[in-house]
Amino acid sequence: MEVIIQIALNALVAGSIYALITLGFNLLYSTTRFFDLSYGAIAAVGGYIVYCLYNLLGLNLYAAIVLGILGAGALGFSCEKLIYRQLRARKASSAVLLIASLGVLLVIQSALAILFTSQFHIITRDLSAERVFTIFGGTITEVQAIIFLSAITIMLALGALLKFTRFGKAVQAIADDEEVANVVGINSEKMIGIVYFIGAAIAGAAGIATAFDTGIMPTLGLAILLKGVIAAIVGGIGNVVGGVLGAFVLAAIENTGAWFFSAEWRDVIAFLVLIAFLLLRPRGILPK
Amino acid sequence: MEYLVHTVVLVSIYAVQAMSLNLLIGETGLVSVAQAAFAGIGAYAAVVLMTIMGVNFFVASLIGALAAGTVAFIVGIIFLPLRQVYYILGTVGFNVIAWSVFLNWNEVTKGSLGIAGIPRPVVFGYALSENAAFLVLCLVSVACVYGISALITRSSLGRVLHAIREDEDAVAVFGYATTHYKVFIFVVAAFIAGYAGALFASYLSYISPTNYIVPESIFALSIVILGGLGSAHGAIVAAFLLVVLPEVLRFVGFPSELAGHLRLMSYGLILIFFMLYLPKGLFGKFRI
Amino acid sequence: MNLRTHQLTKSFGGVHAVDGVDARFEAGKITALVGPNGSGKTTLINTITGLYSIDNGTVIIGEVRHAKMRPSMVASLGITRTFQNSRLIQQISALDNILLVLTKRNVFAALFERHGKRHLAEAETILRKVGLWEKRDEHAENLSYGQRKLLEVARAVSTKAKIYFFDEPFAGLFPEMVKTVSGILRELRDRGAAVVLVEHDMALIREIADYCYCMDSGKVIAEGTPEEVLQQSNVIEAYLGK
């Protein structure tokens, strides 16, 4: 019984990070219809900014986190403005955009490897002073709890933003039909830029969370993006709630598998989950 | 002179891999980010046969290529019927998983230690231990693969592939089971990549999982993009350019690890540049 | 072989683009499909040929009922079509576009093609018929609008199907081309095929069609000989608007 609780707690933490990635990715995909494979790399950048500022330069932790999130957002915004926007203006096919994003992924990953080496890094802090909570026999560290709560907060804030503000309605309009949105006076170019910033900032947050929880390497980007996309497929593509649900389901399956086999097979398990869903239930758990 | 031979060997092996990827992307429009994984399967299978069971190179590499083709068949059946973005994602995920298996299946692949002592091919009792002799095998391989590529492209099958590239639904309406064709070319490309992997392993006499990470697949992709879609000789020229480039970096004096990262970064920049300004590549016959 | 639809329905987000259509396309006849823009003619063809999934109703070919149609089934059922906005393969030659539908469909047969010469001769015949033989090596995207429409027709004819759907094949053609295409349609009909023609030109319809359906807002509002249909008041109203 304790094992189940522990797995559940681990899954909640990991799942909340995946959910951020899924939500951010979904946000970008629904407005631009383009699979940005560099999205995960932007998450890594967020984590590295915090690592650099806090661990290497000794900046205040909270300032570092804010800068990390903003930095990731700025990077995403720049990529969109400099590269993807031009390609979209030329009506480039989705394959072209995807390949361009692969290029961006490679550039970001290599830059991170040059600056920080390809080694694994974890944001160090005074572990002995860290509190540990025991819930129903399972343990969760203070940091993990913060990660989980922050992620939930971000998700709720994003949901509220999209559902209740004019901005959110404009985003929905663009997601439904960009041309029509422009006709009714929405400046889709500017909006997409802002959406990209927000999406990238969310990725940055996810990357920072990962840097605290399990650590980061330059190659983190692709792995975490895959998880986010698998979560979206498991939960049901196009359904935002489904994506979040899928993230937690994926994390639960992964952690269960990792407990009984070894942790290194986590990626394989995630992929097998993907295959299982694609073959048996391609529409995911929740319908659109 | 030794150095020149070494460079031409590398160029040939990468040219073989790029020509196989061109069959997928250039002729059929199937973007794949998994060629390195298939090269790895071919390499590891052949290497295990050569080192543990003393099988000669030609039989071992054939079996390695068949292994790669078989895995491609399974992966292809699962992912090729899907919409383009999911399919591409599937190839990325598959590469991640394959690498994970290479890294963690210690009993067979010896994990991150890699496998050393891989023998050179033996032709009629004469071992190709001289690089110059090995080079001859490489050039013969390039010629054979070029021939196979031309045979496929100029046949009726090639015509169907070109049509699938552009408008799969229209082709289906006229009676073609397009998935059969896509799976076929996917398997053929994997087979050739598997052979290239075995060839590379024999040349270096040592392999490790780092040879088969996703960035290596993206590297193969950038060769095809640079060379131009639908051009086998473009792939050869581009392989030359992209292999020589990092060697120049090392000449100028960059330390090896830094040069490695800069190499990957330059491939990323090439992808971005070509997608923005030269989507047809140098010798391409088709736009993506 | 006849093709019938029974209560065929296709909706998009609540709008019935094709609404309970009962139609009969008989072998050895040219059946025209008329109606204002947006009445569902192309959607009907897309649904019958599997490009859109059937929401309700069936397609009956010969004696066989089909509740599901997929694009890859269509050719084996003896059906072929042209597209309103021609869907040729742009980056290959006109000749290749024709050869594409002449060669065997099986992967290995295509790889080791043995009937190259025969296919080339057949392609030559049909391309000469539409006057495109001289342009056979031009990429389809470099042909003029009219030439592309002719190539679409040639492609459909090359399939030697039993049921043909032509979606506005005459739009934008010069008079000589119109004559060529109507000649082809008549020839197909005389050989016993079922020919379905979506068209706006009333004079043309009176001249070559044997039977006629008029659609409006997804429903069939009139059927009969072209003379009968084109005189009905509801048909005239549908075109002119109420």
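Per-chain numbering from 1; labels A, B and C assigned in written order.
Keep in mind that, in the parts below, a contact is a pair of C-beta atoms (placed from the backbone, for glycine too) under 8 Å apart; a residue touches a chain by one contact, two chains touch by 3 or more.
Note that the coordinates shown come from a computational prediction; the quantities given were computed from them, not determined experimentally.
Following the contact convention of this document, no chain is adjacent to both subunit B and subunit C. The central chain of the assembly on a C-alpha centroid basis is B. Each chain gets a centre from the mean of its Cα atoms; for subunit B and subunit C, those two points are 43 Å apart. Inter-chain centre distance (subunit A to subunit B, centres taken as mean C-alpha positions): 30 Å. Centroids built from CA atoms put subunit C at 48 Å from subunit A. Contacts from subunit A toward subunit B in the complex involve residues 35, 37, 83, 86-87, 92-100, 102-111, 113-114, 117-118, 219, 222-223, 226, 229-230, 233, 262, 264-265, 267-268, 271, 274-275, 278-279. For subunit B in complex with subunit C, the touching residues are 152, 155-157, 159-160, 162-163, 165-167, 169-178, 180-181, 184, 285-287. Subunit C contributes residues 49-51, 70-72, 74-76, 80-81, 83, 87-92, 96, 99-101, 103-105, 107, 110-113, 116, 155, 159 to its touches with subunit B in the complex.
Interface of subunit B with subunit A (complex): residues 29, 31, 33, 78-79, 82, 84-86, 88-90, 92-94, 96-97, 100-101, 103-104, 213-215, 218, 221-222, 225, 257-258, 261-262, 264-265, 267-273, 275-276, 279, 288.
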